[in-house]
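As written, the chains take the letters A, B and C, and residue 1 is the first residue of each chain.
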Amino acid sequence: MSADQDPSATPDSSGPIPSSHSFKNKLMRMLWGMVQATLFRFSPRPLHGWRWFLLKLFGAQISTKARVYPRAKVWGPWNLIMDDFATLADDVDCYCVKPIRIGKRSTVSQYSYLCGATHDHEDPRLPLIPMEITIGEDVWVAADVFVAPGVTIGDGVVVGARSSVFGDLPEWTVCVGSPAKPKGPRNLGTKNGSVKPEDEQ
Amino acid sequence: MSADQDPSATPDSSGPIPSSHSFKNKLMRMLWGMVQATLFRFSPRPLHGWRWFLLKLFGAQISTKARVYPRAKVWGPWNLIMDDFATLADDVDCYCVKPIRIGKRSTVSQYSYLCGATHDHEDPRLPLIPMEITIGEDVWVAADVFVAPGVTIGDGVVVGARSSVFGDLPEWTVCVGSPAKPKGPRNLGTKNGSVKPEDEQ
Amino acid sequence: MSADQDPSATPDSSGPIPSSHSFKNKLMRMLWGMVQATLFRFSPRPLHGWRWFLLKLFGAQISTKARVYPRAKVWGPWNLIMDDFATLADDVDCYCVKPIRIGKRSTVSQYSYLCGATHDHEDPRLPLIPMEITIGEDVWVAADVFVAPGVTIGDGVVVGARSSVFGDLPEWTVCVGSPAKPKGPRNLGTKNGSVKPEDEQ
């Protein structure tokens, strides 16, 4: 399913429920929101180091070699974990209410949405249920892909553009559709004499 | 399916057709466009009362208990009808060329698109065909859902993230896919000892 | 599949690969980026001539009768080819790394994404593969449609809202789904006594 960007947007029959977030969390989000809307978003594209610094300042576990483009949206940097050469393209929405991990050399392309929370729709109060998302190494999540809460995408996976990922995806496969399913193996490094990064398949 | 945000964007073989909107409508839209891009969009998130006031000023029939987040886009507030605790999240596009109704305690989550008009594609002039959209009570439209012109979503429905709704959806069902179809009943209030808001099912 | 908005976003195991774009290309894109974010985007909606002028200045082959709305995004005008009354609506992303052609009287509606490049995912360096997109005459690409690299959409086609086009579409058909497929003929001009613009079907 999915979740509302602001958990306090969840109404119930007796009025809005108290937010599941603490005061400190709210304060941090407010500060980060202001930083993201200004210093982050309007930074020149090549200044990856500057954006790394801002994310780090707010608690991200992020490699100095990772790249986050200026129009990427990060809900809370304190839940963002990115390894070497991991990349979030412009217009990606990284809704990390719980930790979202992106492995080495993995790219999430434009307009994709890593949706890290859903609501319990059997409870009239629709309480927020944050869930982790894990993206392995050497993954390419192509454009406008939806990744549901709780999903693990295995190493080496390619997710085709516009797919919606509602369940885990097995390593070194090319997956497409909604829900995304493997349609074949991913053969990495069979061209140009390059070497596969792992001994996959 | 669907429609162009500005009806005057519709060309035909002999040049642009006259807009189907009156001068007063155009003036109101221009004024509202300026208000939305400034006073509305950049208002602090908790100031629901301020945004309620702006929507009301432009003719919305909106409960003081409804919530519209600052980055939600409303085409024309004069066609927006929202009951108690109805919620439009950030980045929802509410294209209400005709009335769009959102019932009590219903939430439309981020990136969803309530598309209230299509074009007649059998006419070379592609004339605009506005159609109403009705969302019942206790509905949750999850993230990045498309709702087509003319659709009615019954009370208590959950529409899963990324679904596309091209036809009416029956009450108290969980619906997913494209086109969205019921995949089971929605059991609300079976948890936590809460009471169902209505005597549904 | 699809592509990353900025080709330099593509990492590999030994670090970022050199961009496939020349210095002149990068300079032009930087200049155009600044123009688009200011003079273009914030121009009044009716000023189609002004936006035509800006696109032309950056090398677009665009009819004076074409229309590009202010919030449409064009990656590089030098690869944009638009004939009379061709229209790009607001919030269309026209990712023209290679030429994108839009024929007479064809409209691309809001939120649609003409994605003119993919990556070679069998090469660990994920090199960019730009591919042309061709949209014929009298086409209507409805809202939130994805058009993949290399696709040709025939004259007179209607692509339903939210569809994803991964292969060529035959002339004068109505196509929907993901992948989009013909579901019937498009009968244009059978209403209101109008004449079909061509002797199609």
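Throughout what follows, a contact is a pair of C-beta atoms (placed from the backbone, for glycine too) under 8 Å apart; a residue touches a chain by one contact, two chains touch by 3 or more.
Keep in mind that what you see is a predicted model, and the values were worked out from it rather than measured.
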Interface residue identity across copies chain A, chain B - same or different by half: different
When chain B is superposed on chain C by its C-alpha atoms, the rotation angle in degrees, nearest 5: 120
Distance between the centres, which are taken as Cα means, of chain B and chain A, whole angstrom: 27
Residue list for chain C, restricted to those that touch at least two other chains: 178
Chain A partner contacts - residues on chain B that touch it in the complex: 45, 65, 67, 69, 85-87, 89-91, 105, 107, 109-111, 138, 140, 142-144, 158, 160-162, 174, 177-178, 186-192, 194-197
Of chain A, residues touching chain B in the complex: 1-6, 9-13, 15-16, 113, 115, 118-126, 146, 148, 164, 178
